[in-house]
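Across the two complexes that follow, chain A remains constant while its partner is chain B and subsequently chain C.
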Partner chain A sequence: MNRIGKQTIVLKNLPKIIQTASVVGQKEQDGKLGGTFDYVIDDGRFGEKSWEKAESKMQKKAVEILLKKADKKNEEIDFIAGGDLLNQCMGTSFGLADFNIPFFGLYGACSTMAESLCIAAMTVDGGYSKNTIAVTSSHFCSSERQFRFPLEYGGQRTPTSQWTVTGSGAALVSDEDGQIAITHITPGKIVDMGIKDANNMGAAMAPAAIDTISTHFKDRNIDKDYYDLVVTGDLGKLGHAITKEQLAKEGLDFKNKYIDCGMEIFDLESQDVHAGGSGCGCCASVFAGHIYSLLKKGEINRVLITATGALMSTTSSFQGESIPGIAHAVAIERV
Partner chain B sequence: MNRIGKQTIVLKNLPKIIQTASVVGQKEQDGKLGGTFDYVIDDGRFGEKSWEKAESKMQKKAVEILLKKADKKNEEIDFIAGGDLLNQCMGTSFGLADFNIPFFGLYGACSTMAESLCIAAMTVDGGYSKNTIAVTSSHFCSSERQFRFPLEYGGQRTPTSQWTVTGSGAALVSDEDGQIAITHITPGKIVDMGIKDANNMGAAMAPAAIDTISTHFKDRNIDKDYYDLVVTGDLGKLGHAITKEQLAKEGLDFKNKYIDCGMEIFDLESQDVHAGGSGCGCCASVFAGHIYSLLKKGEINRVLITATGALMSTTSSFQGESIPGIAHAVAIERV
Partner chain C sequence: MKMTKKQYQQYAESKADKSKLWLDMFNAFWIGGLICMIGQFFLNTYMNLNFDKEIAGTLTSITLVFASALLTGLNVYDNIAKKAGAGTLVPITGFANAVVSPAMEFKNEGYVMGVAANIFKIAGPVITYGIIASVLSGIIYLFL
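Showing the complex of A and B:
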């Protein structure tokens, strides 16, 4: 069995992430990671009639750039694994339809980029695929109107609320030679601590992040200093603080080596995003841009990407249900 | 590489489907396959306050029955792969939260049961899991109000419309010994032929079924008589006719050996379901009940399950978009 501990998979054949690509909006480009993305859309509509179509086009653009950067043709890609936050994952279905590549549609809310990397890693490691693309997207405008209020309403945002990242990130996982490998994955369980405030996703998702990260370290039997960076997807300021504190209590005090993509992408002081960025385009674009570049340059050698998702819908929230969370962890290392 | 042809995966370690379980509503029990299901809910609410909660409970029940029939504890299951049709797949998230089993959330519309079997097969075949559960559900009432009209409105249904099956089906894929193996999978591509009528899903999904089935036969280089049954998920009467005719033109005239779960589960003459059953609980419950039982008894030895999905949302339909389809094929054989 290619497993260790409770729920961690060992990828013995070391599938490589040979290339990444990212597309973001202007607000993301104006943030702390501006300049690390491949393409910036200057208008939220991206030349389309609706924000949903703009999101699809962003995801398509991310895959097009990825194929170009990797010098690959569509026919060389065996699978795409991807998803987004929209009802029935329409951002992905319409964004990827033209590529003519077998497709695994995933839904893990904001954890989807880590989930798609997990699936991509297993397809390549298992010899089922030579090249699999992992891709996700989110869009502030399509998310706001689906999950919260019409934008025109100008609703006041609570201090714990987060700002959905307009962005898409894609990664090419391959059996080719390379320096950056996915070595282990720890797919997560659904964790529900009874939090019901849809404007406090960070707190709702933190328990899942804590569970998965803590399990990952135990399963691999590694020290808290093993990774140069431990990264969560989009817990934001509050979720990051909860996760940091609780993990420290469990002997995993990462200090400044634990960062959250939602806090990295925006300047929380000046960009009016309250607790930070969110959305499955957040982790995707920050990983594909900033973090992959740190790995490439050798500035970091080992990183644990843990994207978290809040598995609620407006219907479940209206019906008074809590917000179950999930987190999947992906260990990426220079080999 | 464990691949043949264009897009078919060979599962060399022959993961086995060692047990299945199904839960359906009264209308399904009253249909042509009544008596083949494990559990029948006599009321659409299943003792819950909402249809969405009833759907979650059905999916939970299906997994509980599966674990009991297979004599397995939660801790023995490494993964669950599953999904449903509801926004943000809430049927699955809330249905599976209590099992405490690492979870891959999938969205493939009505193709999800085949997609989850694909993922489950790869996790077991690749040595990443000993036991993976594949599960999906759909519910007539939660689907109608989400995708079409409030039930109370009593809207007239078009002749090409289908009736969403109230049901859930689960299968346990394992590395244990067994007679019924998943031998090959052919994950499908998104196929969009420009059909925009959300009341004619069969026609929208048929091109994807034709593409995947035809590719599967070419990839495996097998004769049209290889399978005892070729099964589609929920194309209904119209989609079945289109698929049958087109495949016959391509040299794959299956005659009466090609059936559609949506036409099998209901009596199309007497049950007022127009073109037949649909929903990702359709293929799931028909496979878990009727078809698995035929395999178990040795009445059939080889079956190709091809579930099809219509990857639209109400938003995309309101915006005038077409309905992209997808189909994944799973070859299940007595070994």
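Showing the complex of A and C:
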């Protein structure tokens, strides 16, 4: 069995992440990680009529850049696994249709980048695919209109609210030789601790992140210092603080080696994003840009990417249901 | 993590940054007050133009609603509201913004299923309960 412990999968053939690509909006480019992305859309509409079309185009652009960077043709890609936040994942379906690549549509809310990497890694490791692309996106404007209020509505945000990242990230997982491999994955469980405030997704998702990360360490039986970087997707300031404190209580005190993409991508003080960034595109663009380049340069050798998702819908919110959280962990190491 | 749901909710609540209540209230007070002062200025102006008080009041409302709708269309209103909170929400300007912003947002879905179907998405509950409240108070008034 290529499985250890409770829920961790060992990828014995070490599928490699041979290339990544990222596309972001201007606000993200103006943030702390500006310059680490492949392409910046200066106009939020990206020349399209609707925000949804802009998001699709952004995801399409990310895959196009990825194929170009990896010097691959569409026909060489066996599968593409992706999703986004919009109803029925329309951002992805409309964005990827033209590629003519067999497609796994995924919904894991903001955890989708890790989920798609899990699927990609398993297809390649199992010998079902030579090349699989993992891709996700989110767009501030399309998310606002679906989950919250019209853009021009005059409302106030609470301090725990987060700002959806306009961005897309894609990674090519391959059976070719390479230095950066996915060694283990720990798919997470749905964890619901009863948080109901849709403006406090960090607190809603943190228990899932804690559960997945601590399970991953137990399953692999590794020391807390094993990874050079432990990364969560979009917990923001509050979720990060909760996760850090609770993991430390369980003997996993990562100190400064634990970061959250939502806090990395924006400058929390000057960019008016309250608790930080969120959305599928947050973890995706930070991983595809900043973190992958750290791995490539050898500045870090082992990283645990734990993308987190809040699995609520507008219907469940209006019906007074709490917000179930999820987190999937992907161990990426230089080999 | 060994916590019950209730314990966790209290724990998360205790760690969360709180809204700056006094600052928010101060901003709501002076911006809301300023909007009312602008309203009063228009009311006085219209009365000086020899409109009687009732018509001048109606004209004042129309002016404020127009200004709010225009500022919403120019992408300015939400930036003021971000600071003002209830200061821009409570006056009639907030209602205009609540109608214009969905009308703008849902243009992509067409004029029937988009704009028309969604224009009262935010203001609808106010209208519904406003009518119910006025009917109830009318009935009470009838018997007094």
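In this text, the second predicted complex is superposed on the first by the 335 of 335 C-alpha atoms of A that agree within 3 Å, B and C clash if a C-alpha of one lies under 4 Å from a C-alpha of the other, contacts with A are read in each partner's own complex, and residues count from 1 in each chain.
Operating definition for what follows: a contact is a pair of C-beta atoms (placed from the backbone, for glycine too) under 8 Å apart; a residue touches a chain by one contact, two chains touch by 3 or more.
Just so it is clear, the model here is predicted, and its values are computed rather than measured.
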After superposition on the shared chain, which partner residues are touched by A:119: those of chain B (first), chain C (second), both, or neither? first
In the overlay, answer first, second, both or neither for which of chain B and chain C A:207 touches. second
After superposition on the shared chain, which partner residues are touched by A:326: those of chain B (first), chain C (second), both, or neither? first
Max touched-residue count on chain A (chain B vs chain C) belongs to chain B
Identify the partner contact of A:150: answer first if only chain B is touched, second if only chain C is, both if each is, neither if none is. second
Let me test your reading of the model: by the given contact rule, A:104 touches which partner, first (chain B), second (chain C), both or neither? first
Under the stated touch criterion, which partner chain does A:49 make contact with: chain B (first), chain C (second), both, or neither? both
Partner chain(s) touched by A:93 [first = chain B, second = chain C, both, neither]: first
Residues of chain A at both interfaces, chain B in one complex, chain C in the other: 49-50, 52
Taking the complex as given, what residues does chain B use to touch chain A? 1-3, 7, 9, 49-50, 52-53, 78-79, 83, 85-90, 93-94, 96-97, 100-109, 115, 118-119, 122-123, 125-130, 146, 187-190, 192, 309, 311-316, 319, 321, 324, 326
What residues on chain A touch chain C, complex-wise? 49-50, 52, 145, 149-160, 193-195, 200, 203, 206-207, 210-211, 237-238, 241-242, 246, 249-250, 275
Which of the residues in chain C end up touching chain A in this complex? 1, 3, 5-6, 8-9, 11-12, 15-19, 24, 72-73, 75, 77-78, 80-82, 84-85, 88-89, 94, 97-98, 100-102, 104-106, 108, 122
